[in-house]
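One structure coming up, written as structure tokens, with questions to follow.
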Amino acid sequence: MSSQSRPSGRASDQLRTITIERHYTRHAEGSVLIGFGDTRVLCTASVEDRVPPWLRGKGEGWVTAEYGMLPRATNTRMQREAARGGQGGRTMEIQRLIGRSLRACVDRQALGERVITLDCDVIQADGGTRTAAITGAYVALVDAVNLLMKRENLRRNPVVGAVAAVSVGIYQGVPVLDLDYAEDSNCDTDMNVVMNDGGGFIEVQGTAEGHAFRRDEMDALLGLAEKGIAELVAAQRAALELS
Amino acid sequence: MSSQSRPSGRASDQLRTITIERHYTRHAEGSVLIGFGDTRVLCTASVEDRVPPWLRGKGEGWVTAEYGMLPRATNTRMQREAARGGQGGRTMEIQRLIGRSLRACVDRQALGERVITLDCDVIQADGGTRTAAITGAYVALVDAVNLLMKRENLRRNPVVGAVAAVSVGIYQGVPVLDLDYAEDSNCDTDMNVVMNDGGGFIEVQGTAEGHAFRRDEMDALLGLAEKGIAELVAAQRAALELS
Amino acid sequence: MSSQSRPSGRASDQLRTITIERHYTRHAEGSVLIGFGDTRVLCTASVEDRVPPWLRGKGEGWVTAEYGMLPRATNTRMQREAARGGQGGRTMEIQRLIGRSLRACVDRQALGERVITLDCDVIQADGGTRTAAITGAYVALVDAVNLLMKRENLRRNPVVGAVAAVSVGIYQGVPVLDLDYAEDSNCDTDMNVVMNDGGGFIEVQGTAEGHAFRRDEMDALLGLAEKGIAELVAAQRAALELS
Amino acid sequence: MSSQSRPSGRASDQLRTITIERHYTRHAEGSVLIGFGDTRVLCTASVEDRVPPWLRGKGEGWVTAEYGMLPRATNTRMQREAARGGQGGRTMEIQRLIGRSLRACVDRQALGERVITLDCDVIQADGGTRTAAITGAYVALVDAVNLLMKRENLRRNPVVGAVAAVSVGIYQGVPVLDLDYAEDSNCDTDMNVVMNDGGGFIEVQGTAEGHAFRRDEMDALLGLAEKGIAELVAAQRAALELS
Amino acid sequence: MSSQSRPSGRASDQLRTITIERHYTRHAEGSVLIGFGDTRVLCTASVEDRVPPWLRGKGEGWVTAEYGMLPRATNTRMQREAARGGQGGRTMEIQRLIGRSLRACVDRQALGERVITLDCDVIQADGGTRTAAITGAYVALVDAVNLLMKRENLRRNPVVGAVAAVSVGIYQGVPVLDLDYAEDSNCDTDMNVVMNDGGGFIEVQGTAEGHAFRRDEMDALLGLAEKGIAELVAAQRAALELS
Amino acid sequence: MSSQSRPSGRASDQLRTITIERHYTRHAEGSVLIGFGDTRVLCTASVEDRVPPWLRGKGEGWVTAEYGMLPRATNTRMQREAARGGQGGRTMEIQRLIGRSLRACVDRQALGERVITLDCDVIQADGGTRTAAITGAYVALVDAVNLLMKRENLRRNPVVGAVAAVSVGIYQGVPVLDLDYAEDSNCDTDMNVVMNDGGGFIEVQGTAEGHAFRRDEMDALLGLAEKGIAELVAAQRAALELS
């Protein structure tokens, strides 16, 4: 694919501009505004000294996530879920994915009887909000855990490795990396991939929107995801190295 | 893997006994009780002459799904979702998956302004309820559409190809096909795969429960899924050939 | 009334074919699929070692019931109550009736601090779902209590006598027993009667759908109910005598 | 039974003092405060020029009821249903009963495409709130319909006959009429009976709280109900004769 | 303003007829039916030996309020909030105001670990329901606390001073006291004022419905409120002096 | 009051630093991030070509508001309202206030049959979120209306004047302007004042948290509010003059 065939002019294996702004708000133990191009998600990590009922007395902690979109993060205003009386299926699906992904890099014994809640709120949407949320939530998690380790004198770091996520898809017949809204709403196949910094897969969620995808297409998509996530992990690391 | 290491004694690439009982209840246009071993799901297809608001006047139809579990389908009683006041995140995630999967084999123009609702209710659970639901819902859908074609004299068959689903996973280090509950609750990786009868992928949803999975493990799992789904498609075809 | 005037051709005092299949699913302590003709209800009894808050520490147990209909148990699809966000008035009315009826044959002191929940889910509806549910739930309750007695070495059997239920009504001017849907939707008076095996009344719920009913009609209906319930109690006993 | 054995000292076949105050509030088309002893229920009838969706264009109307209790109508404060987020099972059961009972005396063709809503709100509870509600709602309905007939020049009176209700029960082994709270909370059997002014039964709802009741007890209860309802119908008539 | 320009013919600084009927219902510790002209609100005070979770073990109590309107308290029937599934914004706003107002005259240490709930239910509405509710709830509160002091032998009276409320507004350019519905629905500015018997302000909630109000108009309104509340406090005192 | 007695060191009549950033997000017709010190609220204005049912066909529009807080906008994490199943009383009270305030500066005939929704989402909270929301929503409203006027060629500007809001209160006995969280949580009296640019009052909501406030204190508070709002209106004007 010549790079000009993507609406954004990006090469097929090119991420959007990634921005990671730490300490974006001041109350949360971790607070990160992440940008994947025009997509902007505020990810906060909150530490609480409690565990869900089913973990009481077991000496281990929990990591969970909640996801929301401001009503006008999108092109047309969506009804506020709090006003509608509950979270919809898409929201639940996404926040369950974020929670599972981040738990994959946490040693819950080392965390102790605490809950870390990752709130991912989309300020502006342009495709890829869930992958941006996972990638940003990881940075917020690390900030929160570092604070906790200092404060509580933990013996072991509960964060084990890194986690990042990216979408890949087949747009006009060509596998591409990190779909924006213009691509996402017109692609044949859309796949969200969550990986760790060791190249292991944590989640793969692929959906054929138009025609079913072949095994070789799947292989190409996974290859793009591996490349993109390596770059995202590097961006996370760079952001975390700033004081 | 020696076959005795699976709790059920199955070979690693062996499905459970698959049973498909059509016309299980008499009111629905399609009604199928499907068994994947001890997992039993009642799948009904209901045809209604209406479309959702966003499709009015567009000359095409819709296919949607709802999923439920009877409270004592499982080992310990779960609270009834109707009594709790709404469907949980897991339920929503599953019924969205079933709906997307079945829409992948329906020509919505050929269907015309109608809705087909696939209700998948788990009578007894032993792992793999969502894959059994998709596989059974396809048979119910075909029965309903055949009835509709006779009744309404449709020009084109709205069902295009076949769809089936199976779970694969890594249990005690070995990739296995069609996990039952004993395996599912102890496996490292769990992947649900939905494919069509042409070998195309419709959905791939893989989750690392324990450690992240490598690319070669993913390849092995996809291979198992391809084998299993070919057998499931054959079982669907055999069931549909009975009058 | 000549037998041909009932849509089914039954005599006015004739029950539909009654089928009682025990151990229908494998997880519940009691699990019964009951059929009153084409009406099929799955009744499970679940035993839990807890009591509702208002009974804590009183040394007695509780019996409660929940009722549901699969969306396509009926001729036209009904909205799923879990999706609608709660149970409707009819559902609540029926499950309260089932609960009261079954509590009438349980010695709650003998049960001890346990809850037995009777889940009655209608797989296929053709009139009389609540009376089938009560009649089947009794059998599931007995199976669950027998298991409990063995397991926990109870000193006294908490089940005292038997309970069964049937509907009676006035169809085209004639009192008839065990209405099916064709009769139920066109009758003048509809009465649900719950009795024990000693001929005592536990619940009587009669409703004039068309014109008010006279005292002599009420007497005839109660007589039919007494006959029908004696036969149902015999069918319960026969089913329970099988190993 | 000697009259002194009822907590109130009433004879076994004696109603409490019945008071019916019409035009209690000024906005509703019909507004009645009814007292059965210390039980006080405000019944309003509201006429609206609309019908429920399923009746549109059929030329007939609808009568429905809603029931509520003020939180401190009872001895201990109950949670407000609006605050709890919905109506409970008991409330739904009662308002469905009131609605069915009043529809039994309305010619819905004569009413035309209108809805009459009977709101029955318990100001003070001392047993028998649902029977007081039905008896009072009838008077409110007549007032509303008379106003409507004048205003809209209806050709036919939509109210056909009269409807009243009373509870009967077995208290300390003796059948008694019109149970107050002291009796209701300690009785063996409780039956609510709704009848018309021609002596026909509209609803019979009997529940054995303690032991099951025998056929002869049922006959005695029905006899008491017939006597009590005749007196209630007379009280309704007397109240309606006042200008 | 000449008195005839108010729809009711009242002088601009004239309250409606105030009626306060204590012991209106018999179960509540305090029960008052208050009338501000045709507005009638039933205010009950319920004492419970519990505190909300956040006050446990602190040795102090809580005062809270709930507000409701009977569906036909108003000119056209409103949907019942319990049936609609929750309290609306207006209801919550009003009950929060009532709660804050009454807490202003209660010494929560002296009350001890108890909750007093003030239920204010509008039987008939003609403007000013929230101010009538506050004024009546105070009387119910005093009755309840007096009973509690006798029963529990409290050392200190938890009620400190008196609280009353009135609305003021600008109707056709003239500041007026105690708006009825005819004025309220056509006024330019509407202000609810809650004061204590020492002339201190507890709440001031003014809203410009039409044009914004000037500082001198605000001053005139506050002056009217001071006059009206002095009269309401006197009416409360007179009512409480009756045995 | 010497300036050092406020926790922030501000003079008693000094606002916090006010920042107004227009075009903060790109989808909404108006999008403003407003800061009152550390309080940061994102205010978007969305224009839709529809009106609420009660305004259909009347040729006028509507302005409404919704308010939310991100879960970790505050010092301790609050439960997400969408997850809890609905908006709480405080949220409803605030969004009703914002809506009324902004409607006060809109000519709804000039707007035509359109709805403008003002979404005010608190990104970071440090007291005064509702006054910041109103002040920022006005700027977003002007941006949205200016765009609308250009796009739709409106004849008349629907925005009439300006609206801003500020809190005032009595902190440690001294009237102060624009309370931050440290003051707000410890003050005796808290008043929110909404005014227009002509010095007229739109809303005054004062609450005595500790002791009731005197008339002279009220006068001092209103004076502070007038000064503060004049400065806020100037800040709005300055922000709007930037292209």
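In this document, chain identifiers A, B, C, D, E and F correspond to the written order of the chains, with residue numbering beginning at 1 in each.
To be clear about the criterion, contacts are C-beta pairs under 8 Å (C-beta built on N, C-alpha and C of every residue); 3 or more make two chains touch, one makes a residue touch a chain.
Protein identities per chain, from UniProt: A, B, C, D, E, F = Ribonuclease PH.
Being a predicted model, the structure only gives us computed values, none of them experimental.
**Student:** If I average the CA coordinates per chain, which chain comes out farthest from chain D (Ribonuclease PH)?
**Tutor:** Chain centre farthest from chain D (Ribonuclease PH)'s centre: A.
**Student:** Copies chain C (Ribonuclease PH) and chain D (Ribonuclease PH) touch; is their interface built from the same residue numbers (over half shared) or different ones?
**Tutor:** The interface of chain C (Ribonuclease PH) with chain D (Ribonuclease PH) is built from mostly shared positions.
**Student:** In whole angstrom, how far does the Cα centroid of chain A (Ribonuclease PH) sit from the Cα centroid of chain F (Ribonuclease PH)?
**Tutor:** Each chain's C-alpha centroid was found; their separation is 33 Å.
**Student:** Measuring centre to centre with CA averages, how many angstrom lie between chain A (Ribonuclease PH) and chain C (Ribonuclease PH)?
**Tutor:** Distance between chain centres, rounded to whole Å: 51 Å.
**Student:** Return the distance between the CA-based centres of chain C (Ribonuclease PH) and chain F (Ribonuclease PH), expressed in whole Å.
**Tutor:** Chain centroid spacing, chain C (Ribonuclease PH) to chain F (Ribonuclease PH), equals 59 Å.
**Student:** Using the touch definition from the top, which residues of chain B (Ribonuclease PH) touch two or more other chains?
**Tutor:** 85-86
**Student:** Under a traversal of the ring that begins at chain D (Ribonuclease PH) and continues to chain E (Ribonuclease PH), how are the chains ordered?
**Tutor:** Order round the ring from chain D (Ribonuclease PH), first step to chain E (Ribonuclease PH): D, E, F, A, B, C.
**Student:** If we count contacts the way the header does, which residues on chain B (Ribonuclease PH) are in touch with chain A (Ribonuclease PH) in the complex?
**Tutor:** 86, 88-90, 92-93, 95-96, 100, 104, 191, 195-196, 198-208, 211-215, 218, 222, 226
**Student:** Enumerate the contact residues on chain A (Ribonuclease PH) facing chain F (Ribonuclease PH) in the complex.
**Tutor:** Where chain A (Ribonuclease PH) meets chain F (Ribonuclease PH), its residues are 25-28, 31, 38, 40, 42, 44, 46, 48, 66, 68, 70-75, 77, 80-87, 91, 117, 119, 121, 123-125.
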